[in-house]
Every structure is written in structure tokens, then in C-alpha cells.
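Working notes for the structure below.
Chain naming follows the written order as A, B, C and D, and within any one chain the residues start at number 1.
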């Protein structure tokens, strides 16, 4: 019987290696796998490369991981959020590397990694500072840059509902980067608010099919975005 | 008020131009927009380029369009289906052009057209006859070919359920190429089995959001795949 | 919001600028509103008029802000503000959302900007400050991918420097994509010859507007 | 199915070949079965054992054939046969389906073939006939993208020509991707040195197998 549920965050986060590329879902606080991020803090892995839309807020979660000096490089689209003080300090001190990627290119690079596309041409950033140093090419008169697939070693995903095969649904804007990150890593670890019996999720409405999921921890009603801001 | 429903197939198929690239959904008989294909036959446009997984079966639908000499070129993955007699005859007589594309590359090229990816590298077909003449390049030691986005002038899509904004769901394997083709054409025309009030479709389960849809014809319970084989 | 009322004209407030943009958006358009003044546009459109707002974090059909007692913590826009979903709206993941943006499916992207050049170049993501990590978000995708890009911004900076320029001095967001600009003083189209004034606030003259504009103005009035 | 019983051994039937493949598939694998003999594999696996079959036309979790009075016309596999959906199964569109295949998410792709070469090359999509339009379907994606490619095929052609060859003569489907071959006579791994025999049917000898094989055989027995 396939059963991807594990009993603890620690079990879910086993095998993360130093230097791993870690894809972390979420946009703002919504859909961020907070318990798994805390598990990563507990775990102790270092020299991580973090792929996430932002670069941590406040001093908890990803910001805490940054503060502990565990992240070597951040690949993101928007590290300037208000409250992103830890990252900004590290950046000013030259203690962290930043790869800034347009948000759509970031999403597409992650999807490409999951879909067997090794690289692609797209017009976003062509002719701009973020296109500098990249190969360019005209297609139908449109200048495009060559972008490479962005592969993860591990993806941390927050789902709304999961079954034991790893079929997932998400809640509203909690979907964001989670489904594409689930496809792009060697190991995909999920925290889910709810669980369902196999077969209870509508086969037409499963957003992440189980093939992309390795481990699931049930964090009942945990980390609703509303509980964060307080 | 946005209302994308039109009253007839003829109205839906207006503005198809000679030489148009026509994307037609369906895999086998399932999810094929038969009424729209019949509408295309009625319409009279010529010199069409047909993008579809197969090349028509029997003497109806796409096969009829071929038989009438209205298609200049077929872009597909599998034109050899049993019963694909019209295409095979035209092909032997040198009366039709064939661009054979691996099925996954076909799907990805169509998706790319809808997603602002002008071209991409992928390993499928590298080193084979279907990779001949294509640019190749190594990524992480893997030989890849450069594939180009495949844009449609018009997409013919079969949905299970539609609302007036053009939000669509599909039924089971009737989904297939339909959602990606809906994103890849200048004009996307849908035939739907069922209609729903706006708001009745679950926002988490809409497969094609209305932004990709231009016109919808309601063909109630029309063309269920079971009715074809007879 | 300080309004620099100078003699014979009264610049539009940001709310009035947003309202002015709103009047030009026809029913049925799919529109993304950038962070800042653009986001005010949705409030200035009657919900009777069906304009479908897209948020890059996976909403098609964003509705107005919720009542304070009806906040859904899972439902935020790209500025991370709580919003609602309109009847007919739907959710999608980030790659599908940016497929809408990058694939040319948006009828309109409304953006704020630091500068717009007479060739349609836009600079709206990076200042020239040192030491601060830059953030680009979805700005380049939105400025590159939509069918039309309109900019809404103050005509000049707070210290009076023109924002409508011959060539952008700030780092570019996208090249040659801006089609129209709504400022607190005027509406201008970006045409092959450069900026064409199509509308001015009461009391404004082309000469006075030119004095506040680095690039050469053409008038369609 | 004519079985060429020759003296001291009895080649496997296609059904037995499929059963042999099935015994090697562990619970929990995600597997795509190619058209032909591979598709028989699913019937030879107990449904108690959770192996998840993928169909490239958008099914993850294909179940067995339906009873004749329970056919769902909307539910077909890649060979366009009526199938069922297993509890836990789901549907997706073609690009997402091929993302599973091409993105390296399938544990196994089982394919039929005309020829397999000792370097792991596979030829299974095109004969050398003229005048017939070629059809490739998902063959190249499946032979290229899966974590493992196994081939199941008769050891020789009907007229006795070897299918395990030094170099393929038919047009290639993919280069160097086949890891294991199940024939009606033996099981062979594709190793750096070439074909390694790991199992033979009763009565078969390595010498006799070599006589039916163009490429050099190594034995692990």
C-alpha cells in the first residue's frame, strides 16, 4: 500500500544535505510551509540555496534561517518586502548572494525543471539589466533571453488537503508556487492542513497528482496565514 | 456583461481565413469538437494547417476536411491510426504535407505558444530522425533539440461545461489537448456539452479560465464519443 | 497627498488619476493592475461593468477589498492585501498565472513608473541606490507580456524632475512597450514620433506641460 | 499466438512475458505501459499491489478494462481502448501529462521495440517502408524521459532475425536509454559492456540464446 504520510516534521525533513537547493512554496504568508521551514531550521543543514518568491520577513521562518547563516544564496523575484530586514542586512554586509529573477521567469524556470525542458527563450528581461550576460536571440522580431531550468534538491510545499498517494489540493491563493515546485525537486515534502481518504478528492480537481509527492506531514489547521501577522 | 455564447456554429466559426493554422483538440474521438469541425467544413476555408494529435479517421470530421482538399499540411504525432485512410492516400499521392512531432513535444510546443515561451530545448528526439535539421545543444551532458512554439490562428475546443465568461471544465480524458490549445490561438472557439450560471463552477476546479476563450456554442449532449464509433 | 496647486490648474489626485484610467477600460477586458496607483483603478470601476482583474499570484477575477469582519486570510492580491473573488473568478498556480501575462492574454497591464521614454521604454523597478537589494517581482513580465501597457504616474517627481523623458536614466523594465500614460496633468499616447498629448486637465496648456516634460510633446488637441 | 516450440524449450507467450515483467515492478512505482505487449502487464498485476499506471492522454491511476455494460466513453487509454480510473486516480491535460513523462517522474516506461542495441539504443517507431506516413506518438518522449526504460519483445522477428543487435538498423527512438529487456526467451540487462543475460527460460542455454542474438551476450548466471 502506498502511504506517503510520515509521523513528524523531522522524519519529513530527513536527508536534506548541506548545499541543497531548497524550493519553498508560498507567496507572502499564504501557502508557505511554515512547519517544514521550522523543520529545516531544526535540521541544521547549511550552505543552502533558497528558491522562494521573497527573502523572508520579520525574524521567524525563512528570515530566521537567514539569520542563522544557513543560506548561502537566495534566488527570488522580490527580496525588498517591508520587514525583510534580516536579508537586507546580510546583503549590505555582502554575506549573502542574490540571484534576482523576474517572477514569471522564476515560475517558468521551475516549471521547466519539472517538465523536461532544459532551457527556454522568453522576451521578459531582454534588453534590461536582468538580461545582461544572458544569451539573446530574435524570434519573429522579438528579442528573447535564454533562461535555464531551475532544479531543486528538495521542495517544501503547503497543501490544503492530501491523500495517502500524495494527491493534493490547495486553498485559493495558497496555490501559488506550490504545484510547480512540487514537480521540480528530487524530493518533495508536503505539509497539509487536511487529509482525506484515497478516492475522496475529485479526480478532475486534483492539482498536484501523487506522482510528484514523496512525503506528507499532517499539520492540522496549522499555520493559517492569519495566525502569522500577529 | 461579458457573454461569450454565440447562437450557432456558423457564428462561432466566422472569420476563419484561408491558410489559417487550426488547432483541434481531442485524442481519438474523446474531446474532439466535432460540431466545430463540421462547421469548418461548412465554412469553406482552404489551405489550412491542421494541428491535431492524429490525422482523421473514417470519412467524417477531419478526414472529410482532408478529403475535400482543404488542408495543406498536417502537424501531428500519429497519422497512422487504423482507419486513417484518407490521409494515407493523400500522403502517398504527395498531395499533403506532414510535420511529424513527438506527442510530448507537440503538447509542449502548443503550451509554449500560450505561455510566452518562443522556443525551448528538450531531449526528446535528439539524435533521431525527427531531430534531424534541428539545432542541438548539450545541457548537463544531455543532448537536446531546439523546438519552437506552435501558434494557432484558431483553436477548436470541446468542453464539458462552460459559463458565460468562458470558464471551462472537461470530462475525464476529454481534457487532453483542449486546455493547452485554448491558450495558444488568436481565436479560441469552444463547443460545450453543458452550461452553468456564472459562479456555479468551483473556482478551484476551473481548468480553462475565461481569459483564454473567445466564443462558445452550446451543443447539448452533442457528439459524445460513444456516438461516433457507430 | 500634497497637491501642488499652481495658479490656474489643479493637478489630479491619485484617486482622480485612477478614476481617469478606469473610464478608458471597456467591459470585457482582462486587466492586471500594478502595485501603487494602478491598484486604485479597480475601486473606481463599477462592479456592474465586467472588467476581469488578474493578480499574478493566481487570481483571475479579483473582487473588491473585504469588509473588515469578512477577511479570508487565504485570499490576497499581488501586493499581499486581502481581497475577494468575484463571481466567475478562478484560481491557478504561478506558472499558469504568468502564462496569462507572458503569453499575451491580458488586454491591459496598468503600471506605475519612475520614467517613461518617448520610445515607449519604461523604468519602474529599480532606483540607482546602492546597497539595497533590488526587487523586480512581476514588473518585467507585466511590462513585456500584455497586449497593452498603460502607465499611471505623477507627471514629475516631487522635486519637479520630469518623468516623461527622451531616454530613461533608471534601469529599464521593458523596451518600447508603453502605449499610453496617464499623469496628474495629462493623458499622452506613445506614437512613432514620440509623446502625443490627447488630453489635459483644465487650465493646462501644451506649453506649460512641455515645461514639465523632458521629451518633445506633440499635440493631438 | 503460434509458439515455436523447438526441441528442449518452450518460449513464453506474450501473456507470460507480460507476467514476467509484472513480477519485477515494486509497489509504489509510477509506470507507463506502451501499446502492444506492455499494455498486458497491468492485467498481470494484482490490484492489491499499488502500482500507478499513467496514460499519456491524461490519466494517472488507470484501472482495468471495464465490464462491457459499464463502458465510460470518455475514459480511454493511449491505445484508445476503454479503461477505468482507479481509486486515487486523477486527470490532467496533455502538457501536464507529458511533464510527468519528460520531467523524469515515471519510475518506469515499458515499451515494445523492433530492435534494441547493446548500447541501449531503441528503435520502436518506424519501419523502413516507403510511402507510409510515419507515426511516432509518445514513443520518443517515453523512451527518453522515464527514470527507467524496459523493453518487452519477442527475442527474434517472425522470420528469425535477431532483435538484440549491435547497432539498430531501424530509425532510432532514443539513444542509450534501455536498461532491461524481457523477451520470450530471456531477461537481459543493458550494462556498459553490453547485454548481460540474467535469466533464461527452462531448457535455454547461453549458446542457444547467442545463436538467436546478433550482439555479444555476457552471462550473469
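By our rule, contacts are C-beta pairs under 8 Å (C-beta built on N, C-alpha and C of every residue); 3 or more make two chains touch, one makes a residue touch a chain.
Every value quoted in this text rests on a predicted model; they were computed, and no experiment measured them.
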Chains touching both chain B and chain C: A
Cα-centroid distance, chain B relative to chain D, in whole angstrom: 29
Intercentroid distance (Cα basis), chain D paired with chain C, Å: 56
Interchain centroid distance [CA atoms averaged], chain A/chain D, Å: 36
Residue list for chain D, restricted to those that touch at least two other chains: 85, 91-92, 95, 98, 101-102, 145
Of all residues in chain A, the ones touching two or more other chains: 104, 108, 111, 115-117, 122-124, 170-172, 203-204, 207
Chains grouped in pairs wherever the two touch, ordered by label: A-B, A-C, A-D, B-C, B-D
In the complex, chain A residues that touch chain C: 27-31, 55, 77-81, 87-88, 91-92, 98, 100-105, 107-108, 110-111, 122-130, 143, 170-180, 207, 224-226
For the chain A and chain D complex, residues of the former touching the latter: 1-2, 111, 113-117, 163, 165, 167, 183, 198-199, 201, 203-204, 206, 209-212
Touching residues (chain side chain D, partner chain B) in the complex: 55-59, 71-76, 80, 85, 91-95, 97-98, 101-102, 126, 131-141, 144-145, 171-175
Residue numbers on chain C that touch chain B, as the complex places them: 27-28, 30, 50, 52, 54, 60-61, 85, 87-92, 95, 98-106, 145
Parts of chain A lying in touch with chain B, wherever the complex brings them together: 104, 108, 112, 115-124, 139-140, 142, 144, 148, 169-172, 202-205, 207
